[in-house]
Each structure stands twice: as C-alpha cells, then as structure tokens.
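There are two complexes below, and they share subunit A, which is joined by subunit B in the first and by subunit C in the second.
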Partner chain A sequence: MDGVDATVRGSVRTSSAAPPSLLTIILDTNPLSWSHLSSSLPLSAVLKTLLIFVNAHLAINHANQVAVLASHVDNVAWLYPTPDDGDASKQSSQTNGHTEVADEHRVVSNKYRPFLTIEKNISKNLRNLLTSDIPSAEALKSPPLLAGALSIALAYANLQLLKADPMTSDSASTGTGAVGAADLDAHTSALRTARSGHQFVSRILIVSVSQADLSSQYIGLMNSVFAAQRLNIPLDVLRIGERTAFLQQASDATSGVYLTYDPPNSTANGTNGAATASFSSATAGLLQTLMQGYFSDVAARKLLVMPGSAEVDFRAACFCHGKIVDLGGVCSVCLSIFCLPLEFTSCPTCQSPLRVPKSVTTKPVAFARRKKKKRKIGDGGRDSAAGTPVPN
Partner chain B sequence: MSDSDNEYIEDHSSGDDHNLNVGGSGRAQRQKGSGRNATSKPGTRARWERALRDTNNEPNVVADDSRLAENISRRAEAQKRARIRKDTKPFQRGIIRHMVLVLDVSEMMLEKDMRPNRYRVMLRYLEEYILEFFEQNPISQITVLMMYDGRCIQLSELSGNPNDHINAIQKLRDGDGKDELPKEPKGSPSLQNALEMSRAMLYHTPKHGTREVLIILGALLTNDPGDIHKTIASCVKDKLRVSIIGIFARMKICTEIVSRTNGGDESGYGVATDDVDLRDLLMASTSPPAMRATEQEDAAANLLVMGFPSRTEEEHPSLCACHGELTRGGYICPRCKTKVCSLPQTCPSCQLTLILSTHLARSYHHLFPLRNWLEVSWDRVREMRTTQCKGCLKKFPGIPTEDDGADKMDGSSESSRYECPSCHHHFCVDCDVFCHQTLYNCPGCQSGPPAQVPASNGETTGDPMALDGAS
Partner chain C sequence: MAPPVKASVVYKKVDGILSITKDRQLVLFTPNVPPSSPPTLKIHTSEIRNLQQTPATKAKVSVKIVVQPPGGPAPENYVFVFSSTTAARAEAEAIMDPLKEVYANNLKSTTSASTPNAPVGSSPAASGPLAMAQVTASKTQDVLSDATLLSDFSLQKSLLDKNAQLHQRFNEAFKKLKNEADAIPLDQFSKQFWSPRIHLLRAHAMERSQTQGTYNVFSAVKPQRNNEGVVTLKLSKEQIQLIFAQHPLVRRIYDDLVPNRKKEGEFWSDFFVSRLFRKLKGEKFTASDVAAIPDLDKYLDYNEDADTGPLFAVPNIPRFLDVEGNEQDHPETYGNDDETQRPEKDQGLLRKLNTMSGKMMANVAPFDRSNLHGPVGMDEKTFDELQLKDLQGAEVDNRISLNIKETHGLFAGSSARNGQSSTVSSAAAMSDFKRQLLEPIGTPLEFNDTSKRQAASTSKGLMKSIKQRRSLLSIISDADTGLSRPTIDSAIMTHNTTIEFLHYFWDVYLSGDEGRTGELAKLVETLHKSLERIEAVATEADTELQQKQEDQRLKDQEFFKRTGKRIRAQNDASGGGKALHDLLKSTEMAVKYAETQYQRTYQEQVAQNGAQVQT
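Let's look at the complex of A and B:
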C-alpha cells in the first residue's frame, strides 16, 4: 500500500549511493585505568590504532564525518572537532593554528589533509586534557562521565542529522500551511526512512576501560540509550578489560556491537624486548578487532553477520546497594529496584510506604510429605511367612 | 488541582505535542501564532471557537524588512519550543497502567468528514497509538473493546503484548481471511454497556496500577439499557478514570462521565475537530497520568517482585514454556529456570513477572523529568560569553554591539541561547528540543561541573586565558 505513496520515490533515489555516515568515538580517558594498562596496551598505541580506524572511515566515503569525545574524570571534552572559546581567543588560535597547519603541511605534504587535521586536533586536545589539571585521587576512582559524553554525542549526531536532511526536519517541526493526515503520514514515513538509514547514518563507538561501575549514572545512561534507539544510532562498545552489564545492555538495545578485548598477557612484566613484542601484537589485535567488528555502518550492517554473542546479561543494579540482582523487588510508585530481602519499610527513593506482599516474606509451604504407610509388621510377617506360592 | 496530564486544552492552544512523533507538526502549523496566546486563559468555550478567536486576534505585526529573516527564525524557534512539555514538576505518575480502550463501531463512524471515513481513520491511528503506548508504558496492559450495534464486545484480552491488540484491530478491519468478514460499523453505541464492561475487565487489577478507560466516541448519542448515572457512580466507586475522545461535537453526558470519574476535572474529554487532532488526542494519552492526592492514599505502594532474566543462547533448540515452540535461546526465569521466548511476561511456571530492566528504565523520564531551559538575555550572554552550543557545538550569533531593541517573541530567546537552570550551560534551540523530547538528559549536567561565570566579568574585550577557564 505504501508503494503508491509519493514519498517512497525519494528513498529509492538516494539508496543507490552509500549514505554519508557519522562516526562518533567516545574514548574513556581515565588516567588511572590507562596506567594500569600501560605495560600491555598504552594509551598512545590505542590512539594510533584509533586514528587508523578513523582514517579508514573517512577514506571509504568522502562525505563521512568523525567526532571524537573524551569522557574524562570530571568532565567531558571534545577532541575533534575542537570547540572554540571566546571570540578573542578564537581569532588568535585560528591565526596560530593556521600557521601551524601550514608548517606541518610542509613537513608532511604527502598526508591527506583531513587525516592530518584530525590527527593534529586530537593529539593537541588530548594533550591539553591530560596535562591541564591533575584530578584528585578519589576523582580518579569515580566512574567516567559516560552518560554526559553520550548525551553530547547524541546531541551532535542529532544536529548532523538535521543538517543532512533539513527538509524533513523542517517540515516536521516548522512547516507552513495546513497539512492533512495523509501528508502527515508521508512526513512521518519520510522521516522514518531517513532515520532508518537512507539519508544519513550515524553510530557511536564507546571505548571503555574504567573499572568503576556506572550505576550512579544509570538513569542518564538509560535515557541516552533510548534516545539512541529512537534516532536509530547503534551504540558499539569496545570494552577493554572485564565485562560491564550496562554497556552490554546499551549496545544490545540499540543493536550495536559489544566486544571485549583482552590485551594479550596483560601482566607483562618480563624484559624490555618481550614487552615491546607484546605491545605490537596487542595493537595489531586491537586494529583487527576495530576493523572487523566496528567498521561497517548501519546501512552495511543489514547485509552482514555482526560479531558478538547473543547472550546478554540483563540483570539490574539494585538502588539500595548497587548490587547486581536477577530477582528483585520493585517499588510500584517509582520503579526503583531493591534487592531482597528488603531492609526498609518505605521506599528510599520516593518515601512511599512499601507494602511487602506476603509471598515475599513468608516461605512457601511445601506439601506435607505424605508419610509412607508402613505396612503392619504383623501383616507383612504373615505374608512373608506364607512363603512363595508354589505351583502345585 | 493542577494535573499535568489532563491539561490537554492548554496543550493544544500551544500546539504541544510532547510525543516524539513528528506527525504532530500539522497541529503546530495550523495553530500558528497561538503560542503567543498561550498565556491567555483557556476559557470554557469550545475548542473550535477558541481556534477561530485565535486566528482573528492574531496581532498584525508590522515587521521591519531588514529583520525579516531574523523574525522568521525566531518564530520557527518559538514554534519548536512550544512543543516541549511545559510541566516538569515530578508528579507521582501511574506507571503501571491498566487501560481499556473502547472503540465506537456504530454507524455514526461511517461519516465521511474524515477521509475515507471516521472508522478507517480511527483504526489507522490506533495501531500507531498502541505501539506508542507500549513504548511509553512497557509494563502496562491494555484491552480493546468495541461498541457495536448497542452491545460492547471484547476484541482482545487484557495483556501487555502490543501484537495481540494490533492483530485484533487488523482482524476487525480486514477480517481473518477465512470465515470472518471485516466488521463494518453498525447500530448505535452504548456508553453504559461500555462502562459496565470496562468495570468488569478492570475489576481484578491490582490497586497499585491505574484503571483507565479511553473511549473514542464518534456518535452523538448513547443508547443505554438502563440508568447510566448509576453506572457512573459505580465507576467512581471502583476508581476508574474515564477519558473520552469525541469527534466534532461535545456531549453533556460525556462531560459528566469524565468530570465525575476524574475528580471534577473535565479536561479528559477531548473533541477532535479533524484527523490530525484525533491523532494528537490519542497520542497525548500515552504519557502516564499523574496520580491525584486521594488516589495516592488508597494506592499504597506495593513491592512487586520481578525477575530480570538474562538472555541465553543454546546449542540445541528446546521448547519455550510460553508457546511450546522450539527455540534456540530465550530468557531463563531466575526463580524456576523456565525458558520463555519474549519479555515482558509472567513466568508460565512460577507466575513471577519477568521483565527487562530496560523496560523499567524507559519510564524513568516520566518520573524524573528534565527541567525546562530558560531563555537567555543578551545581558546574561555578556556575562557568560558563550559562543557555542554545549551539546552540538553549533555557533551562536555574536553579541550585538548595541541593544538593537529587537522585538522579543514569546517562547524564543533573543540570543538564540537557552540555559539549563542547574548547570548554566547554554544550548541551541535544536538541542533544547532534542533534549526535552528525545533524550531527557541535560548534556551539561551529566558531563562535569556547572559552567562558571568567566573571571573577566562584564568586559567585552577580555583576555583569552580567562575564557579558557570558563569553557
């Protein structure tokens, strides 16, 4: 029925060419976690690998875009594109930057210009970020601001989506003239096709290393995940180290890829030579993981079998202890999750008194086991005394 | 009593559509300029009368031609913002909803004032509505009834699976392909029968959930077997909340039903003046209703025991307990280790409610809404000196050299910046709309310390070092 709709034509026209794609990378830059990994997988090596990955992404389609965010200890910083501060500083940095780029450009004239710009921006911003101020010891242990980084990444992706498809978005939000229901449906479906990956596709790759759990940002994280779901943006997660339940749920909900990457012999404490050998193999493995697992965009993923297991840990964190539970109590008013047995009589989140159903407090009564009727010894005795009947 | 979900009249005077579906745009367009009148008191007049008044009273602004582009973009911003939910008070909301959806399948629905007719239009929007309802309320349940030829007939059982209801509606429209023909509207509706049936359907539902009835009524009559007032009284006793979507005209009895079952609040009775309106009214009821103080007392919070099963993958297919089909993988009940193939549902073996924790998380934005962002004056911009949107890095227009006295349009900011009241970061209008309609997070609050006023306060030249500290 939709086939006769005039809106379908648009999507047919554009589907012949590969849509431009935005890759947003969120890099966890917690210094403590990276220093733990420094023997096997230093940040510099990971950065190099990521840059190769980014360059590959840019090279595959000239309209492709990249954004890189760092979720640092106490703030979220843009690595690329570089945000500009104030008018005065913008001018100065621009002139500075201009000459700088010109200088560099002379030096590495063989490098494709976009690669160079991104590389320079990222390394400069990351250096600024890591050298600017040393966070306190307890701040280092706090979880990375992943919810914030995701929010910013989604806001950015949303803007790029609007930019890439201004007609749909304009008519959706601020059209003129009366629109009938049929037109309205057309608009909705046009937007849906746009979002389902015909016009502009976007994806977010999270490189996560920190050990800290994210339960403090649970609501923010989940809101971001649902927003990504709405925008049809898969959240890919590359987890270096052990599994995290929430990131896996996030990538599953948005049909992204979740892979864990274990740097080979992470407890490398051998000689120098051994360390360098493992270093190169580690980055090679990382690059291969990135390329094979995360390189395809949303449009291509429909045609590929993506890696990752179908087994997903869907357990939730309880609000009282942050414990991961698979069977919990839920407050009917505010939907907070608590672990059982309950330690309080009113919900700590919304202060409403909790009425615990009897089925939780009391143990189920098993059927009383029916006692086996003992045969009366006398009878049995007589029976057995009768002896086996013998055929006559 | 202020009650956020029931303010649909105000919603519409401001073209509000806080659902994410862009389809609501028609509304905003047709009521162009009414955002400015949003402050005018919503009178007791009928909606169509007010719409007429709005268009008549639209002030004739004599625009300065040099500012035309600016004015247009302002107006566009104001319209975008008008759709953001106004009310961000964290009400206690009925998250676990039990909803009876009553459809009018009487001959009045064959009227062709909506194309092709009211009945088809209603069915078309219903599928969308049901999907959106479960998107917003994943742990709620619906049952669908229809008023057909004086009777009330159940189409689908009370369940939390959207496909059950959508299949029922498709069957109603297209027949089941065999002996059952598609239903065509017939006879007259009976509100009393519908209410009695709804009451029976909701009788056994637990206290902690809401009991809602949504009636889509195209007819201007109700053909009741008895005294409907008695039925209304028993609905009030059973704590049903009835909301009615009428088509094209109001009925006194509907007003009475709605106001008595909603504690005197009549705003649950909406009248759709066209199909876009019908859709908007339907979609407005997808967000969970705020609880009233009286209800809150009765509905003591219950602790619900729920299981959060993990998904497993098996090498060999095995039978799922819910459908008895061979599946390779599924969800294992954490209490009795039964395998079910989809969530949410009740474990067929031990009756434990099995859901994904993400289903719970989906409702959190209703409970912890994002605060509205404030418009930023040029004075404030001079103080904060923001040049870029915190979210998307879009450049803001620069600070004008002198106050040019641009006419301010209600709802849009003169500096195109919007400030989050808690983290003081500035955002563009697109991020404002996106964050309040889709994301429900503030990117500023989630990512680090609040913005500080730059050290070189008030100076227009300023040194770059001070600005670095501010960003």
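Let's look at the complex of A and C:
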C-alpha cells in the first residue's frame, strides 16, 4: 500500500519549478556584545534589516519557509515560529490566517499577512526573552550557546525535510524500533537522493557578534558541522566585528558563505535623532551584504560564484591553552586538539589513552651539538663545515 | 627414528637440559632446579627459521635458534650456551645435526607445500612463473618495507622509465642539485627524492611482482591462409613447450611418433587437423568433418585427465562451490537440462576450458593460503562469508559512547572567555540591550545619500571578493597574467623543483638527526638558490614585457606614419616580473618560512651550544 501511495506522489512531484527552501537564522543575542555595538549598529536596526531579508526570501517562492532562533546567554529561544502553538508549521508562510497575533496588536492593513506574522512573533518572543530571566554577570561573559542553537536548527531543518518528502520519513520509520547505524545511513542516503532531486533545500545563517572562545562547545559544534555537511546544509556566517577562525572553518567545510561586516563608526551620535540617522548608513551596508551575499539558496548557488575571502585560516586553537597552533595533536576519539609537546598521556576530554608517534616529538636539529663541537675544539677548528652556511 | 638427544645448556642464566623429542617435533628446555620439573620452553621445529652456531674455533659454544611462531609479529631468538665442561662441542653438534636436518626439510616442504597439487610431471615451462610466484610470496613482507624500497635502485629506475613526468622531475631536481650543491651524493639525493614518494615505489613493486601466467595455447595457435590459398601455421618454441605442459598426452604421442614414424613438421601439421586436436580443444566434431589420421586417432579414447589426478585436492570444498555436491545432495532438483551443473556429463568446450583454467591455476602458488598450519578447509571467516544473512534482523547498535569531561577552565590561561571589553557593567549592558529592543521593529528603514554610498561600497567589496574567487576557480591562462607561455612553463618548472626541495628540507629538518645537519645546511642553501631562480624567471619576464611594449610602440609609430592617425596608447602593463611574483607568491612564502625556521633553530642551538661549552 505504501508503495502505491508513494508512486502516485512521486509522479505528482516532478515539476521543474525551483524547490522550496528553508532559511534558518541563528541570531546571537548576547546583551553585552550588542551593547558594545550600540553606537554603530544597534540590534533594532539589525532586526529590521533581517526582516527585510526574510521577507524577500518568503516573497521569492510561495513555498519558502523561515525559522529564526536566538542564541541567548544561557538558553536558546525560538523567535519564529513560536513553539507554544503546538504545530509550528501552521505558522509557515502558506497559512495566511493567524488571528491570535493579529488580535493582540492593531491590524496593519497594508502589510502582507505572513510578513506581519513573522514580525509580531519575533518582536514578542524577544521581549519574552528579556523578561524571563536576568542572566548573571558571569553568564553574560560566557560564549553564546551556538552548538545548541545549531543542533536545534539542524533538527528543525531535518523535520521540515521529512514533512516535505514523506517517502523518506516512511523508510525511516519502518525500522525495528531502535534506530541502528544502518538505519541512519539509509535515512541520510534517502535524504541525499531527495536533495539531488531538488525536493527541498535548506540553509542556516548565523549572525554572530560575540567575540568569544567557542572551544568549550567544540565537540558539539564539530558534530553539527559534520551533520550539516552530510545533509548538504550550508552554514552561512555573517560576522559583525572581528573575524573568528572557527566559524569561518565551519562555513568553509559546509561550503557556506562567510563574510565579515564592519559597520562604519558613526561620528555624530550626540542626540538620539542624529544617531538614528547615522545608523542608516551602517544598516544599508548590512542590508546590501545580506541581499547580495546570502540571498541565493542551495539550488541557485550551484550556478553562482559566491563571495567571501578565498583564504581560510584552517588553524585551530588547542584545548589545553587556547592558543592557535600550526602543528598540533588531535585525539582520534573525540577530536580534541592539543598543542605539542603533549603534557598528558590520556586525552583530558574523553580519557582515551594517547600515544604520540616518535616523529612528532623529535625536535628539529639544525646544528650538530656537543660531539662535533668538541672535536672542533680538539682539532683546532679543522671541521668548519658543521653548519656554517647561514644565508642572510 | 633417532634416539632422543640431550645436552646440558644454560638458557637465560638457568642451567638445564636441552633435548629433542623422538619425533623431532619439539625442542625442549628443562631446568635442572627444581629436579624433575616440566620443560619450561618448547620450540616447534617446524617453526624454526634460522640456526646459528659459534664457530668451532671459539671456546664458548652456543647456539641460536630463530623461531617464527605462526601469526606471531616478529621472530624470536633463543640462545643456548652449552655448559658441559668436557663435551660441549660434541653435545652441540648432537643437537644441531638433527635440527639442521629438520630445518632443511622445513625449507623444502614450505617450497613444495605451497604447490601441493602440482602435476607430477611439472613441465619446464611452468616452472618459470611458478618459481617467481614463490619468491614473491615468501618475500612480500621484506620487499615492501620502506628501507628495501629506498635501496632498490633497479625498481626506482624502472618506475622512472615508466612514469615520464616523474622522470622529468627527477632529472630537473637532480640537475639543479648537482650544479649548485655539488656535494650531495646521488644516494642521498635519491633517498630524499623517494622518501616522500614511497607509496609510488610500493605500488610499482607490487605491479612488477605480478607476472602473466600461462594461457590456453590451443586458442592462440591459428592456421592462416595466405593469398595463394595455402594454409600455413606458425608455431613458436614457447608454444610447443606450453602445449606439452598443458597437455601431457600430446607430449606422450610426440615421444611415441617422432622421429620414428613421423617427422617433426609432419607431426604438427597432422596434429592440428586431427580429431584429437578438436577433442582436446573441446570442439564438437563428426567423423565426416575431419579426415582420419590413424596414428593420432588411436589416442582419441584416452582420458587425458586420468593420470594427472584431481587438480584441487582440497578436502573440503564449501557446498556452495561444489558442483559434485549437487549431485550427491539433491540429484532430483538439478535436472538434466542444465549441463553446467552436472559434474561429469559434459565433455564440450565449457568443461575443457574449466579444466584448462584449473591446470593453469594449479601451477601458480596460492597467495592467500600462506598459513600452512591453519585449519584445513573452511575457516571461520569463509564460513561467515558464505552464510546467508539476508533474513537476519537489524544489527545490534554497537556505538561506543564517548564520555566527555568539561575541559573548560581545567588549565590556566583560559579565563578570557568573552573577548569583549568588560568596561561595560553587565547591568548597564542589559538596560542598553533592552532600550535597543524597545524600538518597534516593524517601522520602515529610512535611507539617505550616505547610506546609499555605503551600500554601493559594500557591494563593490563583495563583487571584488567574487571576482577573486572566480580567478581562483579558473586555470591560469596567458591572458590573465600577461605572461607568455614559455615564461609560465618555466615558472611552473621552477615551482615544481622548489616544492621538491622543500619536501627534502622538511624531511631532513624534522628528522631530528644530528648526523644530517650538513645535508640540511646544503638544502637550505639550495632553497635559497630557489629564490634566486624565481628572481631569474622574473627578470626574464620583465625583459619580455619591455620587448612587448617596445614592439607595440614601434607598431604604433608605423601606423602613425602610414595613416597619420595616432592610436590611443594601450598602456598594457600586465605581465612582467610583478605578475610572475604574484604567481609564485605562496611558493616564495613557503621558502622564506622554511628559511626563518631553520635560522631560528640554528641560532638557538648555536647559542645553547656556546653556553654548554662555556660551562
């Protein structure tokens, strides 16, 4: 019966139209970082710009979907769709009528309803985020919970994919209950075929502002990156401020776009009104970056040359001291990175015993010590060829 | 059977008795103290790989037995010192003689055992590949080790001969090294050259050890009809040998008939048109097709395979492969319709070809059955492979859980977590944040001229990065760089050799071998010369550019004279040394990095050394 059902669906689905696309945005909402940016690019301006971007994404294809997540200080919160509503997909752009939100606020008659829904949701959820808990001073300084946010985003993308293509969900659920590794493989390969057939594409955009050490979430982040790689979901990163090596590597690994945006520092921010005017310049740059750099979806990217620096710093920070290392050791079990020489015999992260090959620990020798030197003294400088040629 | 041999020896500083059992299967060492203790050491004589003995001139008599246990990682050595004050030498001889005998037998049996079913009258033709296969089988481990590969010049040479590109690179690197650092000897150079390419050597060694086996000779011998309609047949000496090897029957007939009843040529011309030939080849024929040749036809009923015995005397053929097993187990399920499933009925081409293949394979030493002491027949792995698994349920999930410990803050120096300046207090930050959120996000954005300019400049930056990316994706072409093809070629060549030298440099530098510092210094010199070589190519490119511009100028002038019109000067400044340096920027960077690394280490170590000398 399943087979009959599936074949019918398959025949219906073969259309040459652009595949529906899911855009998931992860917004870093660390108050400290945003407060730092308030003079050049305030959060409200960024939100407005993001809304324009989201609206454009929804407008280009009626089946397109959007999800927005806030990676906050000590939790990850849904900004859109609001999870309390039970079925999140009800709020997706196709369903126009969502009276609850519309009733709360005065109805803006000249706004496209889906745009309005998203706007109200994000606004409401952000306020909830502020009133829910005041984070401690220590927590404010901790890195944003990017690994958690990425995991949620990937899970959501996967869910949407299964909804869009129930055939793969059928095959995944026919297992024997406990999902084994083989089932997972079958599942992902099914996803891949779905992907290659342009059924449904999705991408994740991370808007990152915090300058933070992500090494405490390294394993979670790496797992997310691998998962994204496997699902063909590019991780786009828009970095406002200084660049971070790790996020650049993550986006490079998933063939996403990594851009840094440096907001021009507003000189005249004396009065409130003047400041708002000067923000508009920074905001315009941001909007331009978003629209030009991140607007194309996976299907379109195959045909385009994407922007972004060609040079990626592939070096990683070691876990033991947080230093960026050129040459380091990697635990083969949990992929933790350590600088050399190793100070321990078992991996401090996962307790697996480490064994370092001799070739790694040998120190380079450019000058033959003792033996030769002694002879040199004894022979009265007969051997002068020891290591003399030092080109300058 | 020899009587048991005994001798008093010292093994690992323990006095004891060394003895060989009656059946010569075991060598036992029994310690003297405590009395009547069981033997502490048993050596299977079949596992002995080498025997060594002190020369007869020495006073101390000792024996070394090298044993390779089956499946063991490395041979083990046992050294026994003969402790008898009076007859140490004689006792040692008494122990060694039978051992030597057994050892010699072992050697023979391993050789013959690897072809347990070789036909009795194994032919000279087959012995070539056969011997080859045995040598490779026994030596595979040694042949593929890094050290052997690096020292095997003939192998390297043959690889160079085969791979033209590699050969060119080898020659370039060698030439440069010879010209500039004349002191690097060939063997050192070749070691440096090959050590990063050891995988190529290994692959080539494997490839070379594969030899072509014998082929079905009858299918290769074909009579040819020339223009006059005369049928000729060419038969080489090797082919005749192969025929004899593959078909002992033909050899017998040949022995019977030539030269008493037929001449050599007559025999072969008769043979290839005979019914016997058709039969041996597996072709079907009727009496009317082929003319009778009485001398040969009398052998027609002779069963060729009768005296060779079964080709594969494997005691247990897995039931899946055993066609005869079909006959025994369920004769009714395999009807007469499928001839291939019946063992003895078919005498046609299929069977002949099968037998032929069997014969050829029998002459090749099996590579996969190296363990002669393993269980006979099907082992556990084969059994597992043959099991039908499609009806089994899903496999149990065997993931290994990873226990992660929070490493953060374990070590000092990781306190600066959020790099943001902490001048802003958290309370102030929160209120600031709230204030930012108070502004309704639904209001439209307003842009002015400044913001338009900003957008335009951002867009420009993005386009620039897109163009940069595109240039990386495309291959270097003359048009992009403004360089001529020969210059690009020489740049590529310089790049290749430089990278080559960088390989050598890092190899030696990171080896940590004090003895190679001289070599290292020379390599640094060579690397430095690489920069000069790049410079030389750049100069070349510069002159080329000047030439090009000069040509253009002359052309313009001529055009001006002829037409009186002046062309707008095309200031085409692309190309030249700058373009070349751009092209080889990363190469130069790599060389410079290597140099600084070397110099730093060098100076550090010189300083260290000086300090040591003073103390």
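The working rule: the second predicted complex is superposed on the first by the 257 of 392 C-alpha atoms of A that agree within 3 Å, B and C clash if a C-alpha of one lies under 4 Å from a C-alpha of the other, contacts with A are read in each partner's own complex, and residues count from 1 in each chain.
As a convention for this text, a residue touches a chain if its C-beta (ideal position, glycine included) is under 8 Å from a C-beta of that chain, and two chains touch if they have at least 3 such contacts.
Quantities reported herein were computed from a predicted structural model and do not represent experimental measurements.
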Partner chain in contact with A:Leu32 - subunit B first, subunit C second, else both or neither: second
First, second, both or neither for A:Pro143, with subunit B first and subunit C second: second
Contacts of A:Pro20 with subunit B and subunit C, given as first, second, both or neither: neither
First (subunit B), second (subunit C), both or neither touched by A:Ala310: both
Partner chain(s) touched by A:Pro348 [first = subunit B, second = subunit C, both, neither]: second
Which superposed partner A:Leu162 touches (first subunit B, second subunit C, both, neither): first
Contacts of A:Pro114 with subunit B and subunit C, given as first, second, both or neither: neither
Overlapping contact positions on subunit A, where the subunit C interface meets the subunit B interface: 175-176, 178-183, 219, 309-310, 333-334, 350, 359
Residue ranges of subunit C in contact with subunit A within the complex: 393-399, 402-408, 410-411, 413-414, 416-422, 424-430, 432-434, 436-443, 445-448, 450-459, 462-463, 465-466, 468-470, 472-473, 509-518, 520-522, 524-525, 528, 595, 597-599, 601-602, 605-606, 608-609, 612-613
Complex interface listing, subunit A residues touching subunit B: 71, 74-76, 78, 81, 83-90, 92-93, 145, 147-149, 151-152, 154-156, 158-159, 162, 171-185, 187-188, 191, 217-220, 222-227, 230-231, 249, 253, 309-316, 325-335, 337-338, 340, 342, 347, 350, 352-357, 359-360
Subunit A - residues contacting subunit C, complex: 30-36, 38, 42-45, 47-49, 51-52, 108, 111, 116, 119-120, 122-123, 126-127, 130, 134-137, 140-143, 175-176, 178-183, 210-213, 215-216, 219, 259, 261, 264, 277-278, 280-285, 287-289, 292-293, 305-310, 319-322, 333-334, 336, 348-351, 359, 362-373, 377, 385-391
Contact set on subunit B toward subunit A in their complex: 20-23, 25-26, 28-30, 32, 76, 79-80, 83, 92, 95-96, 114-115, 121, 208-209, 274-276, 279, 296, 299-313, 329, 331, 334-335, 352, 356-358, 360-365, 367-368, 385, 387-394, 398, 427-428, 430-431, 433-435, 438-449, 461-464, 467-468, 470-471
